[in-house]
Each structure stands twice: as structure tokens, then as C-alpha cells.
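In the two complexes below, chain A is the common chain; its partner is chain B in one and chain C in the other.
Entry: the complex of A and B
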């Protein structure tokens, strides 16, 4: 078997001492975590290792010895061998490195075999001589001598491995049914969990000195600590406000039928409830359990802050130089202009649109009906016009809650201001729908069939002569009137679709701001090792005679995967219909649902 | 370390580089042919001729500048995302298999498959366009069923070497896999 030793890069130049780490059961691999230097008292080392084991929950043990002889420290071999009797282990690693050489050599003392400490020289200086003198034959001999025992050194960067999170994430306790986590995952977990081991500073004046990764002090750590302290009362305050807010929301008057229906349709209300839910997640006093929870919280916080910052930018633009008045002054003429265009469109439809010859009577009736509607709408807008500036002024304040609120409010205002287009669409659609249904049932009558409601199928049926006559007559009339209705329906559906498309774009941008995992993407860009997809190995040195040395690097997660994994789930504003279903609905004349955009698709 | 003349399925010359780091760690690198200057010239010239033709009729200089931008961006995208310079396979006994491909721009994509997930390495046949080709692939274990194969990872996907090259890689891979 091949023995794998994961060796931290920071210990490459450590002074001689004891290797502390963990054997990964079932995989023949050892993770070296730290080197404890000479001189030490073995009892203290044992005590320290036990203490660390209790703190970290990792099965730590003394793996073996490490020697990097410096001047005047020769002849330690026998001493190192004796150490193995002090720390009883199944396997005792004796790793040594010569100054000025890159490769390590490793001896494994196996206690299990031959009762005592049977020694197996794995890679020796002798090998080199063998290879030189005997060539191939010598190599073969050496193979037999080794008894299939080989060593791979895998060098890893302790800090990066400790901080990184291997994807796909496996949270919580693994199922006992499935296999234990893979070797690499176990190795990552070991390094991540043994953080208490890394707190021992090399400048500390304790009985033990050790080499491992140690933080050089965080930048601005005082500010971070202060923020941590401040976040607790902030969270409490936030949760108090939230409970007050939910209490207000739960008052009975809001759950009455029309209000509830209205609030589920207004995108501002939806965004408000969504933000409340987010805030509830953020303000929970418990610290985040696990990586996923933490990333979720961080993503929510960052996107909230960015949202508010964008909203502030918008506010600073709106309330400077009287932009609001300008907007209000352009809004009413714009509405007038739209109404005038609509009137012209209707006039055009009432004549001979695109050279089509319509049924004149029906055409006139429909046209007048819609003209009257526009007239009503315009008078309504003019009635509103003095208040529009005030509405805009107070509505603009909502942007301080975030850009998303301003956008949702804009979407709602568009929905309200284009209410006449929606009405036209509904009238057109209802008329068209009735005609289509009438035609289809009369077509069945025409063929001597009828729809059996009980059996949900078409049955044949013998009609009386007068029934047939009347039915055929009605069928003809409906058929000839259909093009006129269809034309009105087509024009107003197109108008409605334009409005819906605009609203859809607004909703998509709101959804994007709400759900984009900014924190995760930032981590991926600035600290790419934090989110690792896997590892990659590079062969470091392959001098014959020394063990194989590999460098383990972290493979950062792909950006698309980052977005996919950490996207905050939002209220699904994506349409449930497929394109085909939508076209079918439009063709039959069923309503595409009122204010929720169902036509725009992001995917 | 030995180089032999190999060809890919289209008959272009590729080179196979076997590097034995130790008795249980070998690296195979298949370098495919480089971008030929003739091909680049043909594509560039065709785009520019087309744009000149359009310019001749429309007399709009934006067409010419867009043609330059298109060729430059197209070349950059090609060497960054499409053109694979060499692919390598690093087999480390009892640790795993690492598959990496280096693009002409220097971008490298690497995946490492742990030994516990690997079932075997085999040479497989596939229908590709109008021909049947051989390819080397790694069979992955199904975690729930130890004997079933959950998925297949094809190797040397872009260089597509011929069978004689594949057999050579296959034999030395099996040598390592059987040892560990």
C-alpha cells in the first residue's frame, strides 16, 4: 500500500520535533497538523494533545518525529527511534530532511510486525546508490525489499485548507447508511476542526513550542470585534421592530378580503413581506449554524446594503434640482399623449384598418364603447393631476428602504396608470372568448354532434330541423362577426403585452437585486480558495531515491456554480406557463393574469 | 519520456509524452497540433472581404471597424475557450486521477477524481459523426451500488488520439491501478 502524508507547507523549515496530527482511518493516510519542538517533556505533550483533542473533537495523536538537523545536532537517529516507545502508536513515522536538499526521507517503524519495532526503510540513500550501480536490476531488488510500502508527501497550505469549504456541501451529520466521507473531505474536515491547535503562538512562553500556521493578527481586528459586540443589541432592536411590524400586519382589518387580495397583487406589498422575512433571518440572535446558513445570511446582508445604497443614490438624484416636479409635469402630458394615440388608433380601427372590410355596425359599437372609456380615463387623470407631485414626493421616500422598493412602487404605478389598457384587454378578451366558445359549440351542432358534460366527450346527437336551422344561422353570423372582434382583441392584447413586458423587466431587476449572491461572488473573486470545488495536484520534485512530493492546490469554484449554489430563493415570479401554453391561451382568449407578469421569461 | 509519432482521428500529428515520476505516479500529456497560420489567415480574410463587400454597398465605415473588432474578439475567444493546447492525465496510485486541459491562452481546467470513486479505466467505442472512434474513459462508482457504474468521464476529449496511443496510455494506467 501507499502511505499518504499530508504535510503543511509552513512546517517545511520547522526545527526538529514531534509531528502531531491524525491518522485517517481506512485510507492509509496521515494528516500532519503541527510540529512540537525539542525540548519537551513527554508527559506534557501527551496532556497537551489530549486537551486539544477534547477541544477540537479530532482524534489527534503524535504521528512521529521530524528532524531537520542543524549544525551541531548530529546523531539523533537513535534518540528519534527511542521516542516511539514513549508514544505508543501502531505506526511511527520518522521524517527527516537534510539541509540544502528538497526531498524528505521517511522511515516507518511498524510496531505491529515482529512484536517490537520492526523497521522498514522506505526510501534510503542506499536506493540511489543501487540505482546508480545496478541500474534496472537494482531497482527491482529494492522493490522486493520495500514490501510494497511507499510514501507520498502531499504538501498543503494550512491556512487555505483550513478556511476553504469543499463543494458540493455536505451539511450536518452524514448518513450512517452511505459511505463515510471521502479521504479528501476527511482531510479538509480535520484541518478545519483543529483550529484550537493553531492558537498556540510561537512567541508564547509556555512549556511547549510548536510550528504550524498561525494568524499574523487580522487587519482592523479591533473594528471587527467592536462590530461583533455592537451587532447583538442591533439584532435585538431589529427583532423588536420586526415583532411590532408583524403585529401591525396581523391586525384584523388587513386580513379582510379586498385588502388581502389587493396586497397580494401589489408588488410593493410583496416586496415588503419578502424583506420582512429577510430581516427576520438576519436578526435571529443565534449565530449561523453551518456554512450554508452563514453564506445565506451574509448574502442577504450584503444585497440589502447594496440595495439601500442604490436607493440612496436614487434619492439623492430625485430630490436634487426639483427632479420630482419635472417628472410630475411630464407624466400628465405623457398620459394625455397616450390617450390621444389610443383615440387615433380607435378611429383607425373604426374605419377600414389596413384595408380590411369590417362589419360596420359592430365596429362602430365597439369603437364608441372604447372611446367613451378613454374619455373617462382622461378625466380621471386630470382629476388626479394636482396630487401627482405629492404622490411622487412621498413615493420617492420609499427608495430609502432600497432600490427594490422604488422599482416595485414604479411597477405598481405603471399598473395603475395603464388600468384602461388592462380594461380594454379584458373586454376584448371576454368578447373574443365568448365568440370562440360559441363558434366551437355551434360547429359541433353543424356536424350533428354535441358535448356530453357528464362523460366529458363529444357524442353524436340527432337535432330537430328548426334547431339545426337556428344553430346554423347563428354560426354564420358569429363567423362573419369574428374578424372584427378578433382585430380589436389583437390590438389591445398587443398593447397589454407591452405593459406587461415593461413590468416584467422591473420585476426581474427587483428579483435580481434580491437574489444575487453578492457576498459569495465577492469571496470567489477576492478569496478564491474559500469556495473550493476540489483540489489539483502538481508534482513537486521527482528525484529518484526520495519519496514523491505533490503540491496540493485548491481548485476554485466556477462562477456559474457559485451563483447557482448561493442564489437566495425568492418568491417565484417566473411564469408557470410555457411559451406554447401562453400562445394557446392568447389564441383562445383566456386572460393572462392581471398584474402579475406572466409573459416575460428569464430562462 | 519517449516520443513516438501518433495521429488523432483526423490524421493530424499529435504527440504523447509519458513522464514517470515514480513507480506509482505517471503523467501523460497529449499535445494537439498548434493553430495553423493559414487557417487564421483564411478566416480573417473571409471576414474582412465580406465586410468590404458590405461597405461597398452601404458606404458605412462602422462595418469595417466592427469587422476588425469581430476578428480580434473571435480570435481571443477561440484561444481562450476553444483551442486546447494540451491535455494531461496524472495517475497517482491510491490517491486518484487528475485530468487537466490547458487552453492555448494558458487557461487551465482541472478535475481530480479520488481513487475511492474510480471503478476502472477502459477504452470505449463511440459513434462520432459518421465514424466509430475509440476513447479512453474513467468509470465512476455508484456510491449506493458498488458494482454499478454511475457515470463515465471521457479523457482526451479534444485531442481524440487514435487507438495505438490510447492502448499505450491504457496499459500503463492499468499497471498502476492494479498495483494499488
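Entry: the complex of A and C
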């Protein structure tokens, strides 16, 4: 039997009094939360403890007595003994510390056994000079009972433990030195929940005086309270605006098919809906229920603020020195230039590119088809050119909603400006895909096999003569035309991949800003004890025959775990395919990142 | 305890597993080899019968030779596509009539094809070939001639290797497809679209329809079959000889070895055949190949 007493460091030099705390049920351990000083009226103490218990929901009780006698105070033994009868408990701790000596004594009055007569005495000496660092303790144990009982003092820093959130240890074997996690968790919860106990200031004029952790900045907390009060009407206003916005969004005209499809494809709209959802989370006037929700709200708020700040920076750059006009003036020639380059590429493909043997007729047909497309595109751009500056000017305003909006808008504009590349890619891919599928099924026919749909395997089959003939004819034609199509497909796929890569980088950065838990990371860096992953115990004294004397320190959570745990969930713009699947899709000619997702068809 | 350890003579060994016996599991007694049989169901080949059968291989070889000869003629302009087409038409009609006669004289097979189905197939062949011939003509334009020749040679070889000589009547998919692929490759080298069309029709005749007719001939008129085979061989050698003498010599050598030498070898090696049969399962050796990989 080992009795663990969690003792706050701030109470080391407290005046004599009563120890208030909690016995942790099921584990032989006690958490000391505060010391109530003499003189007191026992009835008031009882009332106070009950009141605190009601407020905090923690089973508080008077654990025992604490004595640190000043000079001239002697002969308290009988008084202390009597106290245990006033506050009837199963176990009564008498912890005392001598001012002159380096002593720290703990008597345990066990009234459950032997009618309260059994007594055990543990003497602990503690170094007077440095309380926090390793002290020297000498202990004598008098075994008056059959079973041997030891006392372990675990010193903890009350403020850190109160504020920290204990995270489950991931795939780690619990240290044999540490207590079982459930007990530790209970202890953390006890300290965290008994915050009402710590409101009693030592300068307060009340019937009771006590020692525990005390906040030093009352003024700051007043400001925080005022802010909290002020945030409620703000939240109400926000939610009103949001409901108006939602109502606008839900007008029937927006849910018609083409508009809805378009809005699901434009990343600006996606970002807008996402931001709306965030704001709805933020604007609920109720306080956050738990730690997770609080952190979520704080993360969303901080990343929103950072986002808007970055957007403002962007705006201040854009609207200074006519940057918009400059951009617009470079955009049209750039698009023209891209079109010219594409035309040259097509001319090259229509010749004998890289000495490849292409089918001349098909090559000419495909080349002319794509050239006509580019021609259409250039006309479109030139038609648009007077309006581009205006579009940029008004689009730039969206940055005041945040940098993410500007980035999403940029992504959409890139998508619209490179629509011809997407079209080329789709045509090339469709053609190539048809050829590949045709070739694969004709190759089975060539070998006298067929695909059995029911059994999902290749069976042998005897074909008719005409089927064989036509199949072979088509097979030969497709085989000889494949290189031409494949080359067109390859070139346009590369172009498409470049665009996809650019858009992917934009989307990733938007997603990063949206989901990165800035608040949690800041908390981890500035107040690393707030997010704890566990505790470590430093042995202050471990001599044979003496009680163990431990100092509990908090292990901060790893940064990667912080990011992983507190990432705001977002629409995933991450590629769903693995690399191998992507390469396979590219090889077979399936569309990658299509605008319209095909519904999975049943076999 | 091994299989040789003599058990007590009191208990005779029984070849049963359901009784407990004082023998090890792998024990057998002297009667074991009594059930050994050698060369069971052996067919004794006779030389001329084998030569007669091998004639099919020889004539298929010369069919390929005849096709190549026709292609050579076409490429050099010595044979006009119209001539080839009309000849093919006449041959096809004659062959169809012969086929019908042979079918009606022999046992009527299960569910014979109707005339309408035959006509439909013929229409499909002709229309598709005619429609695709301009495409086919430009198909291998940019591919070098050597590549086309190499591919055709490979495919014709694949045709010969995978031809189902024993049962050629529904032509084997792989062999027919390989032959058609080769003929498309070769036909695409010809100067005009009509040439391509004529060549493909000819290929259909030679590779798809002729083996069916020949098979019917072999079943119903064996004496004429031999004569036709010899005629085909002579025709193939002669035809190739008119264009390419070395090729004709090679073909003649190949034909001789396939139809005369190989059967001789088969009959001679028959004496050394030694198959054993008995009431046992054959041991299958599953070598653990991964041992050799390290």
C-alpha cells in the first residue's frame, strides 16, 4: 500500500491550517488543493467546503491538517488530534513542517481500523533552502500495522496543472514510474474543476483565509470578462447577418441545375460556403462546451484574423501604384503568348515530331481540329480584353474577405483562362481511352478470348469468321493509329498537368490557411504546459528506508501531434488517388481531375 | 523401421488403409510391379498414312507461299487487281459449290448455316474491306518497309505455328488473326486502294475459307485430298519459283522435310517409345525455384 499525496508547490510555505482536497476513489491517493488557515470556525469551513463542492462538482473534503509552527507556538499535538474528530474522515493526514529544522512530518490517523487508534508516522525531512530542487529527506517509519504503508509526496505546480489539458498518449508504453493514466487524469480533472476554490483572494476580507495558487493580474482578467460580455451581441449580429446570407443562398434560382453545378466547381464559391460554415460555428452565442470545441473556435478565429490581415496586405499592395492596370496589361499578351506557343506546338506535332512515325492523315485532321480551337480561344480572349481590368479591379476587392478568397479567385481565373487546354486534354484523353479500350478488347479477340462479365475473367471463345475478320481489321487500324493519338494525348496531358499542379498549389495554400491550427500551435510555443501529453516525475530523493519524493513535470505535446489533433477539418482538396493509381489512370486515358465526376457505374 | 524390414509372416500385407497393419506406411510387397504395363494404347503409325496427314501442313505452307507470290505479282504490277478479284470470285463460287456438294453428300451436320447467313457474311466481308481499304492503304505509310516486312513475316510464322492442323474447320482465332494482320500489313504497301481490297479478299479466301473446304475434302474424299495437297505444294513451289528462285528452293526443301522426312523420323522413333503405366500416381516434382534465385 502506497499513499500518494499530490501537494501543490505554492503551499510549501503556507501558514498552518487545514488541508482541503480530494481523495481519489479507487486509488490510494489524495490531491491537496488548498490550505485554510487558522483561526477558523469549523462550521464555516464545512459550509465553505460544501459550497465549493456544489460549485465545482468535485468531491472536496478536509484531508487533514498542515502545521508550520512559527516561533513560540508549541504543543499543538492535542489540538491537531482533536481536529480529526471535528472533521470526521476515514483518513486524517497530519502533515507538519518544522521551521527551524529541516523536517516534514506526516502522521496518518486511520480511524476506519481499530477505532481510530491506529497511527502511522512518517517523517519526511525537506531541504529548507530550495523547495523546488532536490531536497534531502530522511524518513522513519513505524509500522504499527501489519501492512506496510508508504507515503509518496508528488509536488505539482498548481497553475500549470489547472490550465493544462491532458492528451492521451499515442502508441506509447506508459512509463513504469508514472501512475496509471486514469488516476493521473482524475487528478488533473480535480485540479482543473476546482477553479472556484481559487477565486478566494488572500487580500479578501472574509471569515476564511486560504493559500493556493492565485492569479496575479486581476485587471487583465477584468478586460477578458468585458470582452466576453461584449462578444455576445457581436455574435448575435453576426448570426443575423449569416441567416440573411443563408436565406439569399437558398433562393430557388441558385439551386437550379446549371448554377449549382457551376458553384460547386468554382473554388471561390466553395471557399465562400466553407467560410460561412466557419462563421456559423463562431457566431453561436453560447460558450464553448468543452476543450475541443473551444480550441476549434479559437483556431477558426485566429486563422480567420490572419487570413483577413494577409488579404489586407494584398489589397494595400494591389491598389497602390496602379498595379492592377499593370497586371491587366500583362495578362492579355501572356494569354496570347500561350496561344502562340500552343500553335507552334501543334505545327510541330503535325510535322514529324521527334522523328516519330505518325499517321499523316490522322495527324493532319487532329492538328487542324486543335488549331481551330486555339483560333476560337484567341478570339475569345480578344473579345474579353477590354473588361479584364475591371474584372481584376473588382476581383481584387474580394481580398478584403481574406487572402484565401483572393487565391481561390485566382485559381478560378486560371481555370477559366486555360479552358482550351482542358478541352484539348479531354478530347485527347477520350480518343486515347477509346483506342486503348478497343485495342485491349480486340487483342483478346485476336487471341480467341473474351472477357466474361459474369465471372470477371478471360474465357476462351470461338468467334464467327466475320467477327474475326472485322475485329482483326479494326485491331490493325487502331494499332497503327495509336502512336499518333498517344502523342497528342501525351502532350496535352502534360499541359493539363502543369495547370493542375498550379491550381493544386493554390488550393493547398488555401487549405493550409483554412485548416492550420494557429492558436493551438501558438499555445504550444508560448504556453507549452497548456497542451500536455503526459507527465514525467523527477526523483528528488530516493534513499532506502525513506519515502519517495517526486516532482511532477508536464510533458508538452509534440508539435506534429498538435497539428494533427487540432487541424480544422476542411473539404479535402488533396488528391484522392495514390501515385500508382494516378499513373495507371494516365496510362489508360481516364480523365484526371475532371470537372464533372462520373458516378460510379455498376459492373 | 524401413520398407525392407521383414514383418512377421503371419499377417499378409493388404493394400488397404482402413485396417491397422504391422507395416510402415510406405510398405509394398513383391506383387507391386506385377501391375506394371508398358506403352498402353499405343498407336502404331504407318509411314504413308503419316505422310498423308502431314500433307496438310505442307499445303498450308505452300498456301502462305502462294499468297506471298500473289502479293509480289501485285506489287510489281504484273497482276491487275481486277484480274485477281475476278479470279477470286470464280474460285470462291466454285469452292462454295463444292463445299455444298460435299456437305450434302456427307452426313448433314448439326444445324447447317443457311444460304442467307453465308450471303450476309460475304456482304459484311466485302463491304468492310472495301470501305476500309483507303484507310488501310495510308495506314503504314510512315512506317518503314523493313518494319512492315518483319511484322508480316512474324505474323505469317505465328499463323503457321498456331494453325489447328488437326481440326481446321472453324479456323483457330490466333492463326487466322495473325494471317489477316500480316495480309493487312502487306496489302497496305500496295499502290492503290483497289489493290488493297483485292489482296484482302484474296487473303480471306486463302486463309479463312480454303482450310474449311480442305477439311471437308479430307473427311469426305480422302483420295482427292492427297491429290489436292500435292497440287497445292507443286503450285506453291512453282509460283514462288517464278519470282524468287532461292525462296522456291527453300520452300521445296521445307516441304520435303515436313512431308517426307519428319514422318520417317516419327515412325523410326516410335520403336524407342517406353511409357509405363501402373496403379500409382505419377510423382510430380515441384522444385522450389526460389532456392535458385538467391
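Quick note on the criterion: the second predicted complex is superposed on the first by the 520 of 603 C-alpha atoms of A that agree within 3 Å, B and C clash if a C-alpha of one lies under 4 Å from a C-alpha of the other, contacts with A are read in each partner's own complex, and residues count from 1 in each chain.
Throughout what follows, contacts are C-beta pairs under 8 Å (C-beta built on N, C-alpha and C of every residue); 3 or more make two chains touch, one makes a residue touch a chain.
Please read these numbers as outputs of a predicted model, since none were measured by experiment.
Shared-chain residue A:536: touches chain B; no touch with chain C. Shared-chain residue A:2: touches chain B; no touch with chain C. In the superposition on chain A, A:82 makes contact with neither chain B nor chain C. Legend: residue contacts after superposition of the two complexes on their common chain; A:459 is shown touching neither chain B nor chain C.
In the superposition on chain A, contact is made by A:475 with chain C only, not with chain B. After overlaying the two complexes on the shared chain, residue contacts for A:344 are found with neither chain B nor chain C. When both complexes are overlaid on chain A, the residue A:150 reaches chain B alone and has no touch with chain C. Once the two complexes are overlaid on chain A, none of the chain A residues touched by chain B in the first is touched by chain C in the second. On chain B, the positions that touch chain A within their shared complex are 21-25, 27, 90, 92-95, 98, 100, 110-112, 114, 116-117, 143-144, 179-180. The part of chain A that touches chain B in the complex is made up of residues 1-2, 4, 27-28, 143, 148, 150, 152, 154, 178-179, 182-184, 534-537, 539, 542, 547-548, 550, 555. Within the complex formed with chain A, the chain C residues making contact are 121, 124-125, 128-129, 132, 135-136, 138-144, 170-174, 176-177, 180-181, 184-185, 204, 208. Those residues of chain A lying in contact with chain C across their complex are 352, 357-361, 445-448, 462-466, 468-473, 475-477, 480-481.
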